[in-house]
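Next come two complexes, and both contain subunit A; in the first it sits with subunit B, in the second with subunit C.
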Partner chain A sequence: MYKYVFKRIYQLIIVFFLFLVTSYVLFDSIPGNAFQNLLLNPELPPEAYEQVIKLYGLDKPLTERVFLYIGNFFQGDFGYSYKHYPRTPIDLIAERLPRTLMLFAMVNIVAFYTGFLIGKILAWRRGSKSETWITVTSVFSYTIFYPWFALMMLWFFGYKLDWLPIGKFLYPEKWYDAPYDSDVIFVSMIKFTAVVSILQILVYIFTRNIESLNLRRNARFAGFMVLTIASLFYWNSGDLLIQKPYAMDIAYHMILPIFTVTVVAFAGTALLTRTTMMEVMKDDFILTARAKGLSQRRIRDRHAARNALLPVVTSFIFTIVTIIDGSVLTETIFSWPGMGQLILQAVLEEDIPVAMASFSFIGIFALIAHFIADISYAYLDPRIRIQSQG
Partner chain B sequence: MNILEVKDLDMSYKTIDGDVEAVKKVSFTVKEGESFGIVGESGCGKTSVAMSLLQLQADNGKITNGEIIFDGKNIVGLSESQLREVRWSGISIVFQGAMNSWNPVVKIGEQIREAMREHYPDKTKEENTKKIIELFDIVGLDSSIIDRFPHELSGGMKQRAVIALALSCDPKLIIADEPTTALDVVIQDQILKEIRKVQEVLGLSLIYISHDIAVIAEMTDNMAVMYAGSIVEMGKTDKVFSNPKHAYTKMLLESTPSIVGPKKKLRSLDGEPPSLINTDSYCSFSYRCPSPDDNCRNRNIEMELTKIDSEHYADKCCINCG
Partner chain C sequence: MSNQKDIAKKIRREALKKNWRLFKRSKLGMIGLYIVIFFLFLSILQPILFITGVWNKGVYDPVVGYSEQFQEFLVVECPKEYPTEKYKKRSDCPGRTEVNIRTLFYSDAQVGETIIQNLQPAPPSSKHILGTDSLGRDVFSQIMEGSQVAFVLGLLSATLGVGISTILGTIAAFFGGKIDAYLMRQSDLILMLPTLPLLFIISAFAELQVWHLAVVLGTIGGLGGSVITIKSQALQVKVKPFVDSARITGGSRMNILFSHVLPNVAPLALLFMVFSVTGAIASESVLSFLGLLNIDMSWGLMIYLAQVEGFIFSGMKFWWLILPAGLSVTFLTGGFYLVGRGLDEVFNPRLRDR
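Presenting the complex of A and B:
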């Protein structure tokens, strides 16, 4: 196993290197060039212009510049944004990333969980009327034209019913005299969500060894209640009491995007889960499980759904990159100023340092996600573990 | 005392072409501590009988008539939750193809414990593990198998573990549905001995289902021969073998080589088993009967087991054909 992990890490480094070179060359080949952009920026004094060109060797040939860039990259120097001059790409990303991270982590988790749950139930109720209807609805929402649908949702919930805000991630008027920057609030929200999820997983893992099923269910419920109460206390203590109304404001703005993306994205997972699980349900061990006298629910979750998880996790890993890069469409429609918009702007304005830094960041994240996927396959399917040892 | 009494059991599968009557008027009894064999060719309804006993038939299968009295209680028409109690702690089953009886992503020990947890909710993990080790000892497996995944075991080991699984909830009756399919003959022999040993040591009742008449002869006290969904001959295993009355049983015996006695040419049976869709109640074997008389040819006689002596029954029609 360790040998396998090291081999994968070694491969990742090579892939990342190739990724950097390719992205740099591609950005460089965009028509027009960086010098013009630099010159057009009136805020940039001539001496700074000279300095930047010298510093990054922008007058040197492409081959040399690529390696210069990579050298600087690994020293943590990403240059300066051409558009927002004294600010660095890292600075810009640090501002945008928490917004995207919070929204899209929630979106992905909600969409995949709903999709898996619905797919599981669909497969289990094969042939019933409700199965037919939900499948038809899923196919419909899977094939719907997303931008139109998102606008319709905005119109309906934001304008017609006026339940939810139209666009933006906060009410600016509420934030005039706010003691905190929105980034701080985002970071505390992310921290909170991460800690709660980890604790919830720990509760699940520690209760696994309780032999009596009733006791196990009760222990899990107790753990969940303790966590809920603890979070209530947490948000009412110290600094967080002041942050709470602002956090609520952001959460309120998150509802509509999460709901909209879920409605569109759950269907893919649901249909995938349904198909794989129906295949698994034909297997003999499902019959064994029934003969053992297990409850329907346990057979469904433990035996059928557990074996259908692998392709679902694969598709989850492929979409998980959106946690970082956001989705340009969603962010644009809901005016959510996150990473997706940052990248789009940077590419359109040929702000190459920002674009490169964002892309590299996404690249690193994607590679790590795939690495985790490979490892989690081994956990999900023990048969893969054996092959990877050899 | 009878642990299991099956009376006039009918079971059919709904299909687009019509109802497939897989089990027709099957009646037999299994005494406590006895081993009962069911033999017949593929598709004759052996497995359907086994599935009906636990009511695990496919969704389109339905028991249309008859009673299954297990341990003094009719289990036909029980609710799902009542059935769940009977399953495994009352009747457990060793399926054909042990390869696929295990969930590939759950450890063997956990899969056995899971059944025990369902039927003995108050036991601790340690108690359950101890019992599994004891069971593994009986079937000749190492205790380290508990923490193995199914794919790490050989076919024979998996089948032994399946037997341990079947014993885990102290069932009164075990159904072995061709437990040695897909195993080589050496392992087959070992597994058969294991089953025999377990049955004797624990005093269990056993229903052994196979297409292999030699195995049935070795394993069982009483037996039934099935053809096209019905039992055509039934009785003490010795008697059925020494004095087969039904033409089908005779043919089955003549199709198996014997290592003792004079060399005989093996015979095979022409034709195919009849379709089980929309059948009648007349002799189902008449189409393939090697020496039919007029009654048989004209299909005049309804199927019914007649007594030959106190422990031997055979179908009325075919006794006359000879």
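Presenting the complex of A and C:
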């Protein structure tokens, strides 16, 4: 196992260096030297100009520049943004990242869970009429043209019914005399959500081995209620009481994007779960379980679904990579100022330092996700573990 | 010798028939096939209509055509306060066949008179099945052009991508060692690159046309995750007894690779191809939707135009600008997806209902 982990780390480091080189060459091949852009910007002081020349070594040949870039990367030095001059790309990313994480972590968890439940039922009811209809619906929402769908949702819920706000992540008029920055609120919201989801998962793990299905369901419901009441108390205490209205404002703005992305994203998990479930159900141990006379629900939840979970979990970890990828569209349409909008605007406005920094940042993100996916797969699937030892 | 060839042909025909029977059993797969055939028909129909002269190119051309739609309008004065008897909301005035006198700068008409005016975007009529857009271009013709773009792009990029990934995957499985390690690291790298931002960057330094985009998407798709899947399939084929017997009877490496391993990987490759068409069409629409492509007309561009011209939030008043393009993308990708699922049930023995 350790040997396997070290081998993967070694390979991923090589891949990461390749990634850095590739991304540099890609940005380098954008025509129109970044400096012409710089010179045209009257707000930029000459020191910044000199500094950027020194930083990127733009008077040097390509190979030297690549090495310089990698060196600068590991020092966390990306220079200054052209468009938001005194700010560094790292600063911008640190500001934008919590917003994206908050939105998409929620979406992914909700979509994954509903998708798994629906896929489980789909595979179980193979051949029935309800299966066809649910499949058609999920295929429709899986292949629907996302920007168009999001715009339609905006029109329907934001404009026609006027239930939810149309864009942005807060009402500026509410925040005029706010004692906190919006980022502070975001960070405390992220902390809260993370703790609650971890506790919820713990409740699931601890109730996993309760034999009676009814008792298990009641225990889970009780755990959920306790968590809800505890979080109500938490938000009504001390410092957080002042933060609460602002957090509520952000949460109100999050409803529509979360709902829209979930409708689109659950279908992928559902369809994948369906396929793997159907493969598992052909296995002999399901037949054995049936012969033993276990109830249908027990076979479905305990025997089939658990074995089908493996590829689904891996795909879930891989979706961490697509968080930022998919966020570009969502954030553009809902004008949610996060990472996706940052990278799109940086590329369109040729704000190369910011584009490079965010691109590399996504790379690191993807690298870590891949590593976790590999290791968890090896951990969950004994065949890979044994192979790597031999 | 010729007898042997005949037998081989017969076996192939029988296998094809059997697979077709299996495919026909999955209802959703057949629905998908019908959808794909419908859009194929649309894309072929447009050039035929132009050549036979049923459609005049000056009127129906999807990019530069112009259609005059004169209509009588009643000149009204919109009230300042709502609701009134006639109008419930501010957005109800002027109605579809009315014009507000305050916005009428080029005519001396008085309230209550009728004037003849060019109406764009015009609602669906017998001349234009799906109406016209704000520049007087026929929407139905645009949909047809869009489906041509979608088919060219989808099939080209899928063929290219699957070609690359099949060859690389089998090579990785067959030769192993350093080549394998290199190819796998390469796929890791491609999987790491975020697709959409990568396409933004590429569109920043190259003016992407349809076939450029097809090549880019095909290459990215072909070097990425599909190599890993096809490699694992080829590894399973490689240890089958018939490969060993071919080796014992003196088949060369290339011979074994091309006449034994590749044909057995082909079904999976076909499956990948169908699924990657879906991805290619969606990517094209997304890029045109963001206005990053150098394309005359496509479904994504139609939605982009409807959005920047502000018709999306006018609701269903201008439905022919909003619904057809979005639904076309959805249905065609959905159709390909369903076909892929049907094929999956044919080729994947574990999903087969027997």
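Going forward, the second predicted complex is superposed on the first by the 349 of 390 C-alpha atoms of A that agree within 3 Å, B and C clash if a C-alpha of one lies under 4 Å from a C-alpha of the other, contacts with A are read in each partner's own complex, and residues count from 1 in each chain.
In this text, a residue touches a chain if its C-beta (ideal position, glycine included) is under 8 Å from a C-beta of that chain, and two chains touch if they have at least 3 such contacts.
In this text, all values refer to a predicted model and were calculated from it rather than measured experimentally.
Contact with neither subunit B nor subunit C is seen for A:Pro61 once the two complexes are overlaid on the shared chain. In the superposition on chain A, A:Ser295 makes contact with subunit B only, while subunit C stays out of contact range.
In the superposed model, A:Trp155 makes contact with subunit C only, not with subunit B. Once chain A of one complex is fitted onto chain A of the other, the partner contacts of A:Pro172 are absent, as it touches neither subunit B nor subunit C.
In the superposition on chain A, A:Pro46 makes contact with neither subunit B nor subunit C. With both structures placed on the common chain, the touch criterion links A:Phe285 to subunit B but leaves subunit C unconnected. Taking subunit A as the reference, the larger set of touched residues comes from C, when subunit B and subunit C are compared.
The interface of subunit A with subunit B does not overlap its interface with subunit C at any residue.
Chain contact summary for the complex, subunit A toward subunit B: residues 127, 209, 211-214, 283-285, 287-296, 298, 302-303, 306-307, 380-383, 386. Those residues of subunit A that touch subunit C in the shared complex are 11-12, 14-15, 18-19, 22-23, 26-27, 29-31, 132, 135-136, 139-140, 142-149, 151-152, 154-155, 159-160, 275, 278-279, 282, 321-322, 324-326, 328-329, 332, 343-344, 347-348, 350, 355, 358-359, 362-363, 366-367, 370. Interface residues of subunit C facing subunit A in the complex, by the touch rule stated above, are 27-28, 185, 188-189, 191-198, 200-202, 204-205, 278, 282, 285-286, 289-290, 299-300, 303, 307, 312-313, 315, 322, 325-326, 329-330, 333-334, 337-338, 341, 344, 350-351. On the side of subunit B, the complex with subunit A involves touching residues 54, 56, 59, 80, 83-89, 92-93, 95, 97, 100-106, 113-115, 117-119, 121-125, 128, 149, 151-152, 165, 169.
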